[in-house]
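Shared between the two complexes below is chain A, which has chain B as its partner in the first and chain C in the second.
Then we have the complex of A and B:
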């Protein structure tokens, strides 16, 4: 029967090779399927993939310096930044020409701001210099070294020129170094000054608190999911409504409600004081710190843990527990050895969901986190909206994305992603 | 276990009742005794209370009233894991996250049996069901019949004296089911265990059991050995539930000893064996097995009752012929005949003489 395969290809009824005719018939099916999802694909590409890619690109883009100050960047190439000497007149002249051009095009503030992230003071220095530079005639007014030094003594500061040189390439690792509390110097990457090191702490805190939130969600959600899966339908439906209730309330309302509950004059403290468990002058600090963030976020993310757990538990027939008991297992052994291992895929799915949501959460830590309970996402928001350092925000975001991907990969290696079930 | 029973029964249901909602009784006043080493089948339509009885015996349901005794000791308040009763579930309930060997080892582990002894027992149990090489597989990698064997081995590996089976063959195809029926009974007799088997398949009940308890409406309708159950049903439910039966309704005219004279609604007067009718004038349901009706009346011995019938339909079934007749006002009267050498295939529309022995015709409650 199979003797013909390998030598002569099997032919379809019309004489074309079977393999080819199969591929053709499948291709049409695939094409039709593709057309059905085409609108979604286009939407995802335009509204999701492109913005993310362009945002991620900002974490390494640095063409503003070489675009605005092309002559200076060129001239600085022959200057040895580590020599300890100021650059010569050629560089100063090139800079004078550049800054005049930039000032006329009103581009000098942008590049000043960009370099100010690396070396504070540059923004004002550029502004001051630009005001003078518009009146210069580049051909005749030299030498510019003296002129610039006269405008501000910082033009004789080696660090300014080093910063200019270090940050002149079009692609930079500077934002990523900044994102992990380092900076680019002429001597290579170096740690930020002590007082500016906050981002690594924030990363660690974000990871740690997300883990704590995930585990509290498991601890609180597991019994609820179990009840949901095992109660009679009537009661289970009621309970399900209670679980889903938070979804019908605005996130802001829920978070603000926690403010009412947790503050020092809030419900919990009042009750504790009334019951005499806490002294009036020793009220617990439950909000604007880690506790506030953990409590509120556990509450908000709990349904995302319960639902996948529930859908997995629902598929575990009660006969397994009965079988275990008939074989001589106590209630606890039957649960731990038979039921629990089968519910692990649900825990896995819930944990991934909760952890990934938690790691990028923004609103709740912003409202109840104070300064001790904020996440890296709050810092990203700050750089996007206030300091306007989008490059750094993009670098932080990229690191966050990579961290999640790495965790996902590790999870796949340890538990296996096939073991994650959202139901069925 | 100590055998301090006074009446010799191993398992005893003593006036057991069960209600789930406090309004209706699922099991009504159940009394049942099972001897040691007996293979008892609880047979009945769904909702008849047979599975509830099994679950009460296993300890997963509590009796609302009455006692369940094992070896003379009431087990009402003993949790399932301390009863030491093996159980085979309808869908096998093999733990999917454990290998076959781990599944079998589980009941031994929870009994804190040492590793080497455990391995020995697991291997022996696997050999017993001829699944020796499958210890390393997962249940999902086995066929239905293989899973069935493993479930059986798991219920037997800790050497229980009593094993419960809840429709264990329901998911298998016919051929495999018949093979497993034989294997289960063979194993049960070889090991000398007591088996309580629940099924709604009457062939299974008849072929496997020592005793069959027919359940309906929360009560045992009849408890008897398979042959007695088939040949001497005690009421019309059992008669109709077990095997095929022709039923004819009528009124008792007079009763004399073992026999009764019944006037059928079609006008015919026949002699029947009296089963549970007592007085003249009572309504009765007369039942006769299709294979006890003879189309060749010359073969019948003296004393047979004969009458004329019209052939309505002839169905060829291979080994047997089914002929549907009109007898009196009953036009669903079935006669089964073996596909023997001299058998004629009757044509619809012809009139035939049929006959039967009065002892095969049973007058039951209407």
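Then we have the complex of A and C:
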């Protein structure tokens, strides 16, 4: 029998080879499992992946310029933007035809707003020009160079034409450059003027403060999680409720409560002044700065650290510690060499949760962060909701997403993602 | 008797049918977007309730005005606009109009004339800053101060904000360039009429930032209209900028020791837009509502509930007392003659061009 396995395959009851039959039934099982999660997959794809991808695509899309001003984009091809000379009549005439067409279709303001992100003043320049252009006869009314210059002296401004040319391709790196305080120029990528550089500062601040918040959460959460796991059930439950209670309270309420606590006429300062530890005119500035953001966010994110730590610590048998001590370890050695290594997966899970939540946080920094404690997400919100520069917002979001993925990958390399446990 | 009954039934059936027919070209439900809070309440009392009573239309309120521009754009891209009338400030209204997201309004046919027959276009006058925007109220951003913290020298000029020697303590300002740049130049000796010309130049911007530098460490930068009233009430700041209606409520309703500086108030408009691309029934309903809600009497009625000035000239004489406090509202309007004379008008076109540029610079300056 043993000798024959290599040559003649084992047959199943229905006569097909067992290997095939097994594979088929496994495939069927997999298919059934897939069918079961199909609704979820479809939902995730439609409601999560597609919108995110389409939003991220906006960071490179730029077809509005060539769609609205096709003749101009074409005519500008032959113009040397670095020559230091204005384009010739062909380009002006092409632009006149384009802007007239765009004005009739009411598209001119959209492209004006788009280009205004790169060069202030284009929005009103386009509006003004379009108002005059609708009356032009493109065939006979030339030359348009003089006409445009008469409408606004900026049509003689080299920078306007350079901006038009640089931002005419359908796919642009412009938004990504803007997202790291650079800009696209005729001479290639260049830094923004120093007085406009803000986003890199915010990226660095977001990463740094999120790390600080994560470590504060570890420092504060670890003892609490340890108590939760080691106290008698009755006390542990009480403590658990105390951990969960803020978790169930509205985010805004908790953030506003910190305002009451931290402000200069607030509870902490009042107590310190009353106790004479701080002079009345030297009250501590604890809010509307980095401290406010770190304190409030550490408090808000603490449960996300405590709960995974707790569920891991619960599985560490107390007998290990006792065994270590009976073998002569001091309290500290027993903890550090025996207990702590086993609790690391909980710290890892909590840290990933807290860190990823923290770098995307928006509302708490907005309320308690003042100007020194706001994150990159506050700028993303500004560009999504106010300036409507969705391309830049998408580029910022993409960078943030990539940063998280890189950090996740680094974490996997250093600690190992298998070493992360959310429970049991 | 039976005959009579038949006649009556027939008559009422035809009446009902007629009513249904007349109403059929207008939607029977509409969603109105506004700011929420006391402001929405004033609109509910002055506009929504009488309109619903008159027409039987159900009005749904959505307090999304602060994010209206982004949401409208998203709705329009998704091809599913769920809002019928949206309350926005003038600058976003112009932006929506430019993006083709708001419907153009013809004031002569779509807005009610004043009771004396003055056409709407003339009655609103300069307030019609965009072809899509139907102005409703004039509000202003101005300063309030703690009367108990300024000593015996009550500030009377907006430049008190920059005078940290006379008025030590924190002040709160909105963390955006709009208004702050203008006030800085104004208090650095630039004439009101020249401010925007100066701001257009690099030197002018440097001058404004240099002036703001002098108080940078004394400022709490805020983001919401509710922040400054709270900071004033808590005594966190000695003076701060917010909307005049918010200050009215701190002073008159909550009786806090706060007073107002009308000098240098920056006037702005708030009003309606109708999203572009509504179905004909919904658009007809929205226009019908707008015709009603922006007539002379309705605009005057709103001022009974909140201290913002009606955008129509013909409404001003009709402004009466506050509906609950019984205070004469006239003097609390930004448009009252004694307040108006010291006001400063925002240049919308300038900010449409320079907002993004200045905002980046301003945020970079703040982060320094």
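Definition applied: the second predicted complex is superposed on the first by the 413 of 424 C-alpha atoms of A that agree within 3 Å, B and C clash if a C-alpha of one lies under 4 Å from a C-alpha of the other, contacts with A are read in each partner's own complex, and residues count from 1 in each chain.
The criterion applied here is as follows: a residue touches a chain if its C-beta (ideal position, glycine included) is under 8 Å from a C-beta of that chain, and two chains touch if they have at least 3 such contacts.
All values derive from a computational prediction rather than experimental measurement.
Participant: Overlay done on chain A, so just call it for chain B and chain C: clash or fit.
Facilitator: Chain B and chain C fit side by side in the superposed model.
Participant: Is A:120 touching anything from chain B or chain C once the two structures are fitted on A? First, second, both or neither.
Facilitator: second
Participant: Which of the two partners, first being chain B and second being chain C, lies in contact with A:366: first, second, both, or neither?
Facilitator: second
Participant: At the Cα centre of chain A, what angle separates the centres of chain B and chain C, to the nearest 10 degrees?
Facilitator: Nearest-10 rounding gives 130 degrees.
Participant: Give one of first, second, both or neither to describe whether A:317 is in contact with chain B, with chain C, with both, or with none.
Facilitator: The first partner, chain B, only.
Participant: Examine A:288 and indicate which partner it touches, taking first as chain B and second as chain C; both and neither are also allowed.
Facilitator: Second partner only, chain C.
Participant: Using the touch definition from the top, say if A:112 reaches chain B (first), chain C (second), both or neither.
Facilitator: In the superposition, A:112 contacts chain C only.
Participant: How many Å separate the nearest C-alpha atoms of chain B and chain C in the overlaid structures?
Facilitator: Closest C-alpha pair between chain B and chain C: 46 Å.
Participant: Same chain A residues contacting chain B and chain C, which ones?
Facilitator: None.
Participant: Using the touch definition from the top, list the residues of chain A that touch chain B in their complex.
Facilitator: Those residues of chain A that touch chain B are 317, 319-320, 322-331, 333-334, 337-338, 341-342.
Participant: List the residues on chain B that touch chain A in their complex, please.
Facilitator: 58-60, 79-87, 89-91, 93-97, 106-107, 110-111, 154-155, 158, 164
Participant: Can you check the complex and tell me which residues of chain C touch chain A?
Facilitator: 66-67, 69-70, 73, 95, 97-100, 170, 175, 220-221, 223, 234-236, 349, 352-357, 359-361, 363-367
Participant: Touching chain C in the complex: which residues of chain A?
Facilitator: 106-107, 109-110, 112-113, 116-117, 120-124, 127, 192, 195-198, 201-202, 263-266, 288, 366, 370-372, 379, 382, 384-389
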